[in-house]
Amino acid sequence: MTRHILLMDGPDGPGLIYHVTSILFHHGLNIIRNDEYVSPDGRFFMRTEFEAGPQPAGNAGNVPDGQTILDELRTVLPPDVTLRLNPKAKKNIVVFVTKEHHCLGELLIRYGFDELDADILAVVSNYATLQPLVSKFGIPFHYISHENKTREEHEESVLRTLAIYQPDYLVLAKYMRVLTPDFVGHYNNRIVNIHHSFLPAFIGASPYRQAYERGVKIIGATAHFVNNDLDEGPIIAQNTQEVDHRHTASDMATMGRDVEKIVLSQALKLVFNDRVFIHQNRTIIL
Amino acid sequence: MTRHILLMDGPDGPGLIYHVTSILFHHGLNIIRNDEYVSPDGRFFMRTEFEAGPQPAGNAGNVPDGQTILDELRTVLPPDVTLRLNPKAKKNIVVFVTKEHHCLGELLIRYGFDELDADILAVVSNYATLQPLVSKFGIPFHYISHENKTREEHEESVLRTLAIYQPDYLVLAKYMRVLTPDFVGHYNNRIVNIHHSFLPAFIGASPYRQAYERGVKIIGATAHFVNNDLDEGPIIAQNTQEVDHRHTASDMATMGRDVEKIVLSQALKLVFNDRVFIHQNRTIIL
Amino acid sequence: MTRHILLMDGPDGPGLIYHVTSILFHHGLNIIRNDEYVSPDGRFFMRTEFEAGPQPAGNAGNVPDGQTILDELRTVLPPDVTLRLNPKAKKNIVVFVTKEHHCLGELLIRYGFDELDADILAVVSNYATLQPLVSKFGIPFHYISHENKTREEHEESVLRTLAIYQPDYLVLAKYMRVLTPDFVGHYNNRIVNIHHSFLPAFIGASPYRQAYERGVKIIGATAHFVNNDLDEGPIIAQNTQEVDHRHTASDMATMGRDVEKIVLSQALKLVFNDRVFIHQNRTIIL
Amino acid sequence: MTRHILLMDGPDGPGLIYHVTSILFHHGLNIIRNDEYVSPDGRFFMRTEFEAGPQPAGNAGNVPDGQTILDELRTVLPPDVTLRLNPKAKKNIVVFVTKEHHCLGELLIRYGFDELDADILAVVSNYATLQPLVSKFGIPFHYISHENKTREEHEESVLRTLAIYQPDYLVLAKYMRVLTPDFVGHYNNRIVNIHHSFLPAFIGASPYRQAYERGVKIIGATAHFVNNDLDEGPIIAQNTQEVDHRHTASDMATMGRDVEKIVLSQALKLVFNDRVFIHQNRTIIL
């Protein structure tokens, strides 16, 4: 019994759910889970999981394949509706790091036990610091120093490396370099970053230092898609941690690392399971 | 433009969403929000909000009324599916208290500013303590002492008072009396209680004392429907609060009151907005 | 047996704890609770609760009074150490509101049951909206409209009203007016505000609207002292609430109200119990 | 400049803080941080961090060593006060696992980057499952199967292995075997366990299954010392995670793993930094 996932978004209008469920019903397909959302500005989003029910003997040939379903949906749905059926179950990713190990360690352990819903094809870093950790897990590590290079030259090198792997997503697991719009444009809505603050508080550098100086009582972390404005992309997941006056900026950084790695993992799980839509710089998670 | 709410539950089967959306579509009705859930043991739950779109001039008569929709749904849905269309928008409730004011105060303030999605018809108490508070809000207060009465006699008095008001729900806002199965049977799945612990931890009396003695680091509160086993009914909402070794049982009780009143209010909002289904002693919240 | 509270702060140096405990020990006074903190920039803060132990018969006269203790401490402590002994147990406050009732309602209920550790002398508002609520609790309500007045004229009227009450603290319980530095200067470190965001995110107006547009997954509220920069004063307490894409700015405002009122109450409890020191625009809470 | 840590507990009485601070003051030692707690039943706990201040030239010999300070404290403090000065900074531990990797992976990564405040001498397991993970980090793995052995025989084997390492603490990082009182007696208050529920809810086996069936809205995890009653030892740290009706017992287990590993790490940090006292089956964390 094959499980299918249908992702759909477009301008809202009458009958969208009806048209989809009608086609599925007439093929004897069971909806396992269905989530919809209509944004206040009138865009419709739907994620549908369905599967063929038990077939009568000798009847398996009657279960339509994905392309047939997609073709039928196309005939009844407005042309400006975007449809995706059965996105790749396991994504290919390249992880970017600088010197901090906590997010990378988390991803490697999960990957090592097949819990990541993704294959880590390689790790890219502008420092060699984390090579020993990565090598424990038998994953290629590309040390691409940014020294004595312009930002464009460095990104050029990185892009050449990425060309080998053709990843579905880039994961910035504490990669402390700002990316150019040109680089981001190559992986539009396919770069996930973990920012070490509760965005939009403390945008930019040294957020724990900023948090300490402002005297906040709660710190946090934010996983988000990267777009052309630093720390301004669509937020996928956030979480927080209480602090008090006794915590120095350094204590906050230590405590924050636990939040960062868990939030990043949770966000990636949502993204890799095709549960995240993007609209108007906001995520819709179905 | 009238907003309708359809609540539906029954054994899962093919086409349930299709049949409903088909009827709505053919009447030109727009689905605003639709939530479904299928339990692991195969029961289907759906909550659908829909409304008539803008009608062409002179065409208002074409919008079907609720009964018409319900009748049509009946003809296509299996007979063991339960349907409720447009439950009463504002519930009538009676609030039960003993001596503690914090949950009652919360409900009265919300009621006073029309935020409760319910009308408080009366307050019943086995003590007179909270009469002055209730009288500030112009609500009848029934002091029904349990002294010198058997449990049955006391409940008999309470039931006679309730007979005046015919409430949709009873809210036990820190009512420190155990109800008999007979009493509960009169208001099946219509009694909401706030319990001052994170159930199922610390069932029964003095939960903060128990929490202190066990040395827990987090306390909580639980809003649940009442059934015949004390503190065992379906849970609607829970929340927690960190504590440490410095907090005495009495400190925990003070801190817990803030959690209790907010959890009770949040649970009531869900119940009064017809978002809560009950199945196998668990709540499904759509 | 009288409980004393000693508050002390000054430049750190050797023997500060020793000098205090020495004097208390030699008078037979028991330390019930003692909390200290030394800031990274070398300032010492201490809050000590102590009381006389059981006295031998006929010996009560040996227990020193507060002034004696204070005088002795003065002789051994450096002159730049600030000492406060036994601050007023119950503060006098005036509450400021505009049109929203939730924080005010919370304070009134707590005050009505003597849980606020403060006396509400009066409520001041630039609208008449909440007069009926306040009058239920028998508290003077001063409606001082800002219409047809300059900011200075309006504040002048407010100050004249405050002169009647001589409050220890002003509580801005959703008072939607910006105060001038001149006004704030009259109540330095004695004005507590509740801001409806997780500061420093969403400073200024319409934070829930801003939060919705930024697509955050968690909202919050912040209680802080007011200084001359809007929303920039020392933070006392913060709390948060998860949201998702389904929540409109208006939903967030509704959910946020529960957070706001609890955070404000918790902050006031800390302030009124003399547990809050201010240093470098940060609070130290002992 | 050496930092010292003094741990002290005993019956409360006048002058305890005074006596300690007096000796430190007269030796020119600076208190960096001092935390005390007196339990309601009258036991005093204190943790003091202190260090020698800058010494005048040629005067370093005047700084007393730890033993001198301890001897002096002994002469002024009551004999039933327990004193520990400068406990070992880095503990030696042996980690116990069964088949689940998440807590072990967390500990290994932290250990690999020197963040654990402990040395992992070895990992013991009743299954071979996690050997490959452990071997990546160059740590001895002892596979001691419980099959065809009585509980006593199995524990005998384990104890013989532990005799090689003489660990300070045992960490049960999802070790799914019940320990006998005899075994526990060898490591009294030195065994830390992570339990996959918010204790005391769901004591015993399959807590996520129990949580699912009870329909709770929040799950949790608890790190605690092990004593002779299963899941009844002193709680060190707890944390929680919201769930809803859509989460199966298996989903809860997956989500719970993130909570478990973080709570275990946080508890170990407290224990290894000598911040945890035990009294009456409760922890006092200073």
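By written order: A, B, C and D. Residues from 1 in each chain.
Here is the rule we go by: a contact is a pair of C-beta atoms (placed from the backbone, for glycine too) under 8 Å apart; a residue touches a chain by one contact, two chains touch by 3 or more.
Fair warning: this is a prediction, and the values are worked out from it, not measured in the lab.
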Shared interface numbering between chain D and chain A [over half = same, under half = different]: same
Pair joined by the larger number of C-beta contacts - C-D, A-C: A-C
Reference chain D; chain at largest CA-centroid distance: B
For chain C paired with chain D, centre-to-centre distance based on mean C-alpha positions, whole Å: 37
Inter-centroid spacing, chain C versus chain A (mean Cα positions, whole Å): 42
Junction residues of chain A, two or more chains touched: none
Chain C contact footprint on chain B (complex, rising order): 101-102, 105-106, 109, 112-113, 133, 136-137, 258, 262, 265-266
Chain C-touching residues of chain D, taken from the complex the two chains share: 14-15, 17-18, 21-22, 24-25, 28-36, 38, 53, 242
In the complex, chain C residues that touch chain A: 37, 39-40, 198-202, 213-218, 220, 234-240, 244-246, 248, 281-285
